[in-house]
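In the part that follows, the structures are each spelled out as structure tokens.
What follows is chain A paired twice: with chain B in the first complex and chain C in the second.
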Partner chain A sequence: MFSYVMRRLGVSLLVLLGASFLVYMLVAVSGDPLAEFRESTKANKDQLIAQRVELLHLDVPAPVRYFIWLGGAVKCVIPGQCDLGSTLAGQPVTTALSTAIPSTLQLVTGATLIAIVVGVAVGIVTALRQYSALDYTVTFVAFLFFSLPVFWVAVLLKEFGAIRFNDFLAHPVISGTAIAAVGVVSALVWPLLLGGSWRRRGITALVAGAVGAGVLYYLGVSEWFLYPGLGPVLVALTGAGIAIGITALLAGLQNRQALYASLTTVVLALIAMYALAPLLEQATLWLIVLLGLAAIGAGVLAGYLFGGYDRRQSMKAAGLTSFLVAGLVLLDRFMQSWPAYVVATRGRPIATIGSQTPNLNGDFWTSGLDFFTHLVLPTTALVLISVASYTRYSRASMLEVMGQDYVRTARAKGLSERVVVTRHAFRNALIPLATVVAFDIGQLLGGAVITENVFSFKGMGALFVTGLTRQDPNPVMGTFLIVGITAVTFNLLADLAYSALDPRVRVKA
Partner chain B sequence: MKIRRIGAGLAVLAAGTLVLSACSNKPAASPTTSAAATGGTVTVAETNSFSSFNPNTSNGNTDINSKVISYPTRSWFNYTDGSSFAAGNPKVIKDTSFGTYKVDSEDPLVVTYTVNDGVKWSDGEPVDANDLVFSWAVDSGHYNSKDGKVTYFDYAGDTGTLGLTSFPKIGDDGRSITLTYSKPAADWEIALSAEEPAHIVAKNSGLADAKALTDLLKSLADSAPTATAADPKLEAVATFWNTGYDSTTLPSNPDLYVSSGPYIVSNVVENQSVTLVPNKAYVGDNKPKLDSIIMRTIPDSTAAVQALKNGEVDVISPQADADTLTALKAVSNATLHQGDQLAYDHVDLTFNNGGPFDAKTYGGDEAKALKVRQAFLKTIPRQAILDAIVTPLKSDAAVLNSQLFVPAQAAYTDSAKANGSDKYPAEPDVAGAKALLAEAGVTSPTVRILYNIKNPNRVNAYTLIAKSATDAGFTVVDNGDAAWGKRLGDGSYDASIFGWINPGIGVSGVPQIFSSTGGGNYNGYSNPKVDALTSQLIVTLDPAKQVDIEKQIDPFPFADAYGLPLFQSVGIDAVSDRVAGIDVYNPNQAGVWWNVWQWSVKG
Partner chain C sequence: MSTTERMTDSLDSQEVRADLKGMSQGALVRKRFLGHTAALIAVALLAFVVLIALTSVGIGAWHGWWKYTWQDTPKLIDGGEPTLQLFPFSLGEHPFGQDSVGRDYFAMTMRGTQISLVITVLVGVISAVVGVSVGAASGFFRGWVESVLMRFTDIVIIVPVLLLGAVIGYNLKAGFVLLGTFLGLVLWTGMARLVRGDFLSLREREFVDAARLAGASSGRIIFKHILPNAVGVITVNTTLLMSSAILLETSLSYLGFGVKAPDTSLGLLISSNQAAFSTRPWLFWWPGLFIVIICLSINFIGDGLRDAFDPQQKKVSLRRVKEQAQVDVPAPLTAATAAPAQDGGTTPEPGDGR
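Here is the complex of A and B:
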């Protein structure tokens, strides 16, 4: 095992060296670092060219320049000695990287997590309903988004998600056409999700259409979009729904202790919603994290106290329910700050560029909303285009597992379908996904070049592209180094994780 | 996984309608509109990110640094009038509320600069002769040794003009300096420009005060041009000036953003935005009207247009292309300004590479070479090129008919009539070209054309020229190259298509291109009459006489079949209707920022 890891690391180092040389050469031949001066009629043109030549060592051939760069880069193994050169503007590349990495993580982490959760969930569901209308619809939609170019999706999202939505907020009157359209969509989607006999589908379509249109009409007349909120009733009802759903998935509804424990946490959350209101006025990020942990703790405790024949199931279900309902309470609190935020942004809350409104200086809730309104469009764009691959992988993997002998055996010995799916099939279906997910996490730092550009995020992708267009090799090499190292590391981790998860695979020393 | 029961699902949906009655946070009474009317905020989108508080070093010399620092936070004796380009008369405006300058004598040229009493930096220190001396020290390049062994200030501007002066005489009032030129310099009025405050540079490089810096500069003034080793004290000053101001965030040292202009930097979010607020110590006439100005970095044109549409930014200056223009025209709440850039595309023929346009090829027969050059130029379909590239952006665009003037200048119309450009009409004259080739007795000469293969406009121009020239009997060889810039002047091509960027104000660019020894003379053009005129031009002080000389130079490139100007590029900006004070497109480096103090928010 140890020698295997060492060998892999050694090979990776050679790969990195070779690749960095190749990238450096490609950057060097990709254009003319002096292009910006060539067309100038400035009297001091020769002097400017000489300065640039000296700065970038253009008087020596590119392969030699690579070794000058490498000489600084190898010092990075000594802490505090790292020298990756400077950008043309004179900023050290290490500093540029240290601000680009958080910016990229901010943009890409949420999107990747959502894409994984949604993609896997949808993949599993479509596998369980193979060749149903739902399966075909999801496949079609997933591939449709997968094949759309992100810059185009971004333009559409900005036009409809930001510009038109903000225009709508200025005059929040929902037209009859919009209400009818939502009713029709709702009438089409719900039967697809719920399934059943044709008669049942018909009834579902009618009711769902009427309810969808009604809800939208009500939201319009109550100016909900200007003054949104959940209120205790909606928190209680949604919370109860969550409690039932989570219990059904994790423990089965026949496990009454688990169900009661989960429902208890909903009641606790409602009490906390009012009891903690004064404290939440001065909220900080750490307080919220702490409260989130407290919510999980309270849920686990409730599950423990209710006990029953399988305490662990109750604790799990109640803990998760508690966490999710606490999230609802948090959402409601954020919504209460929405009107103030709308005023602070001159009535146009959803942003199309950047990661924050300059000089907002709001409290935790306002700046939290600001963070959200800036991330919602780029995250949506990234999720739409990346969710397809996850649904495909997890669907295929789930289908394969469901056909295995041990699943048939589990059914034969009388286990409920819930236990067969969640315990026997789902866990094993996730094993191949570990590899894909590890790769994608490794690529997180690479940033999303086009997305960063169209949404004006200044992350790794922007650093790379700006460096390339200005013929500035140092930032390009800096980003390459970080991305290369994470890719190599996570590939190795993926292989090791695979052997840890699947006893049939063993790492040979 | 039949977990969902249809009934449960429907029940939840039905319950939802009842529940919603309690879920809106609408306040009982609408909030009272607070706060008195204020100056408001204007947000400007720019392409690049802010990187330095000193826009005059070669590191910091990007458009964005000078937009944010030079215009809002530096007062000076004069500034370029950004609206004068559209008015046809590029000029500088004097700001007499900062100070005055006058020519004491024309031969020798002596200029005295005097800062008004009471003009202050934002930290309360007066702006005085020490600041002017430091500006001179940087802008003149005086302290760099002649042999290049010692260099101090890494100045990105042109030191040629102030390089003709010696250490200034400091006035008795301590607010004025007098510069004496060793010979007349045409661009004297724009040579001295605002630099960083002397007292800050002194303090941060280990000197006692601004006076100590002036004394140091004075003591080294005579020895510097021949020095062989750097003076450690001045080197500390230069190092601070060169790199101390580079910062992508708001520095913890407030010295670095001290301002003498109407605004001062108050916040910088790395790579994203810079905020300017009014400078309370400002006493001049260009009083700020806004509460704050925010510069936001948006590299992508489409993103900038959508941000304007969404009200996140109020002013954008994107790259002009047909798609951006269409998108901008659809934005209802903004005004679009279109204008000509200072950049123009042109075709140059190579005179000195033994190719078809070089007299040497014909045994020194200049007349024969001239006929071949004229024949080639006659085939260039300038109207077709214009229609393909510029007309979609600007419907009234016209072919450029002068190498020295652009239509924005008043002298253009006269000069274009008289400079012989009518010999090369916008429509190609293939028959005329064939006749000239026959007269010269040259059959199907081979012409290698160099252009930037990555620039679609140049590719378009090449394609049209190549077709027309082939019709006239030339053999055209495609020398399109991504690394075209490296090949300029190496003789490996016979004709080139690229662009010049005219600085707008000043005449020192003219000898760069047309004199035999100019740094931008890539095609070996040499005409003693032009050399004489250009050297006369740069020592002429009277702007009217400068124009006269330029008019005399203008016919030579056409008579010698130097090449042809093609067209001026189109520039655009768009301004939200809530902003007042930005009325015309400004083609120079300042962009919309040149009159930042006149911006205001309507209503």
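Here is the complex of A and C:
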């Protein structure tokens, strides 16, 4: 194992060296760094040219320049000695990278996580209901998302998700057509999701249509869009729904202790919602993280105390429920700060560019809202285009697993369908996905070049593209180095993870 | 319920029937592909788009049937609003509207579609050829050939495509044909890896040993014996590559590294008109619509091909299986074949005679 990892690392190093040389040469022939001065009529033209030549070592041929750059880059192994050159503006590349990387991570991490969770969930469900109307619809939608150019989606989102939505928020009057449309859509979607006989689907459609239209009408009348909030009743109802859903999935509803434990955590969360309200006024990020951990702890404890014939199941179900319901309470608290935030942004809450509103100076809640409203559109764009491939992958993988002999055996020995799916099939279906996910995470730092461009995020992608358009070799090489190293590392991790998860696969020791 | 496994059973029995009729592999694939409704619709749609893109504004010296070319600047009519009417159908003077200078947007979109299509085809062909060659050589010969070729593949994978676009844009202002060629020269890596994997397993099979014992040369084994077995993977992956190539081209053009003015492409049209969204939204909708149509049909064709080449993995038209099963299959097979067609949780147990 050790020798395999060492050999892979050695080879990866060689690959990186080769690729970096190739990239350096390509950057060198991709433009003339002196072009902006050649046409210049400034008096100090020659001096400017000489400066630039000295900065980029243009007096020596490109291969030699590469080794000068490499000499600086190799020193990165020693902490504090890193020298990746500087941009044309004179900023050291390491500084530029240290601001770009967090910005990119901010943008891409959330989007990737959401895409993975949603994609896997949808893929599994469609695999379990292969050839249903739901399956066909999801397949079509997945292909449609595959085929969307991201900048097209991004521009549409900016227009409809931000500009027109902000206009709507200024006068939140919901028209009869909108209510009817929402009613029709929910009447179409819910029967697809729930399935069943035609009679059942018809009833579902009627109920869902009426409820959908009714909820929207109520939201409009009660001015919910101006003063959003969940309130204790909605938190309790949604919380109970979550508790039942999670228990049904993880422990089965016949495990009463697990169900009671989960429901108890919902009650605890409701109490905490009021008991902690004064404390939350002066919230900080650490306090929230701490409270989140406390919520999980309380849930696990509740599960432990209720026990039951499978204590672990109760603890798992209650812990997860508690965490999710705590999230609901948090969401409610954020919503309470929404009117103040709308005022702070002069009535245009959803942002179209950048990563924060300048000079906001709000408390934790407003700046948190600011963070979300800036991320919501780029994240949506990224999720839309990347969720499709996860759906397809997990569907294919799940279908294959469901056809395996051990699934048949599990059914034959009388296990419930829930246990067959969650314990036997789902876990094994995740193994091939681990590779894909690791590979995608390796690509994360590359940033979403186009999304960053459309939404004016100053991340890695923007650094790379600006460097490229200005014939500025050092930032291009800097971003390439970071992206290359993470990609190579995560590829290695993907292979190791695969062999760890699936004992049938052995690495060549 | 366990629809999946019975699926496989039913497919096997379908296979058996086909074998009884003595169909060749190619005929089987063709038959399965023709049974895939979505793929057939996609083929028709793509053919339609290709046809109007080629004939309307013509190629080179030939002018096509549309009255304007993509460079003409006729007078602005009615603020450049699109005149296309679906019912009753009429094209009008400018079906897709006009841009701010008055150029006919239908002609421009068609020209953009042509270029995007040419790039797509170039990328598909070139990357398929290079990828298959590299993958086949490394998978078949193994040893140092494999090491060198695969490390080279690794290097090409991590070189950013944008950079290549910038290099081509700066040095060779010759336009879209070169762009497509160069994109093809970097996008073959996934294909090479897949083909290598296929070759690695196929070369251990008995028929390869048999061919070698019969005195076949390496070239003959590769081209006559192994490659035909890998053709499914290659075809499917090529279509996927082509659909991603069309998106890549539009992205590159959008960032200014792809097709450049005065020539045009679908990505460039969107990019140059995105600021006009609130005043002239049609400048934004039409090219996007064509990108989606082309890409979507290629994806569906790829899906149909995958099903056709690899029936174990995916679906065939279930209704067709069921109908045929009821028409021409002897009685004992019917129960097993008809069962999976009634899916959605109401699958009867096999043998209950439904």
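In this section, the second predicted complex is superposed on the first by the 509 of 509 C-alpha atoms of A that agree within 3 Å, B and C clash if a C-alpha of one lies under 4 Å from a C-alpha of the other, contacts with A are read in each partner's own complex, and residues count from 1 in each chain.
Here is the rule we go by: contacts are C-beta pairs under 8 Å (C-beta built on N, C-alpha and C of every residue); 3 or more make two chains touch, one makes a residue touch a chain.
Please read these numbers as outputs of a predicted model, since none were measured by experiment.
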Touching partner for A:S355 - first (chain B), second (chain C), both, neither: first
First, second, both or neither for A:G31, with chain B first and chain C second: both
Partner chain in contact with A:G229 - chain B first, chain C second, else both or neither: first
Between chain B and chain C, more extensive residue contact with chain A: B
Contacts of A:V155 with chain B and chain C, given as first, second, both or neither: both
Touching partner for A:R200 - first (chain B), second (chain C), both, neither: first
Which superposed partner A:S175 touches (first chain B, second chain C, both, neither): neither
Partner chain(s) touched by A:G90 [first = chain B, second = chain C, both, neither]: first
First, second, both or neither for A:A462, with chain B first and chain C second: first
Partner chain in contact with A:E39 - chain B first, chain C second, else both or neither: first
Common interface positions of chain A, toward chain B and toward chain C: 31, 151, 155, 159, 163, 196, 453
Sites on chain C touched by chain A in the complex: 2-5, 7-8, 38, 151, 154-155, 158-160, 162-164, 166-167, 170-171, 243, 247, 250-251, 254-257, 267, 270-271, 274, 277-278, 284, 288, 291-292, 295-296, 299-300, 303, 313, 315, 318, 343-345
Chain B - residues contacting chain A, complex: 1-4, 6, 8-10, 12-17, 19-27, 31, 43, 49, 51-52, 58-60, 62, 154, 156-160, 243, 246, 248, 267, 269-273, 275, 292, 294, 296-300, 302-303, 306-307, 309-312, 343, 454, 482-486, 488, 498-503, 508-509, 512-513, 519-520
Contact footprint of chain B on chain A as seen in their complex: 31-32, 34-35, 38-46, 48, 51-52, 55, 88-91, 95, 99, 103, 125, 128, 151, 155, 158-159, 162-163, 166, 190, 193-194, 196, 200, 203-204, 207-208, 211, 214-215, 218-219, 222-224, 226-234, 237, 241, 244-245, 248-249, 335-336, 338-339, 343, 346, 348, 350-356, 358-359, 417-418, 421, 453-456, 458, 462, 466
Contact set on chain A toward chain C in their complex: 11, 14-16, 18-19, 22-23, 26-27, 29-31, 129-132, 140, 143-144, 146-152, 155, 159, 163, 195-196, 396, 399-400, 402-403, 407-408, 411, 446, 449-450, 453, 464-465, 468-469, 476, 480, 483-484, 487-488
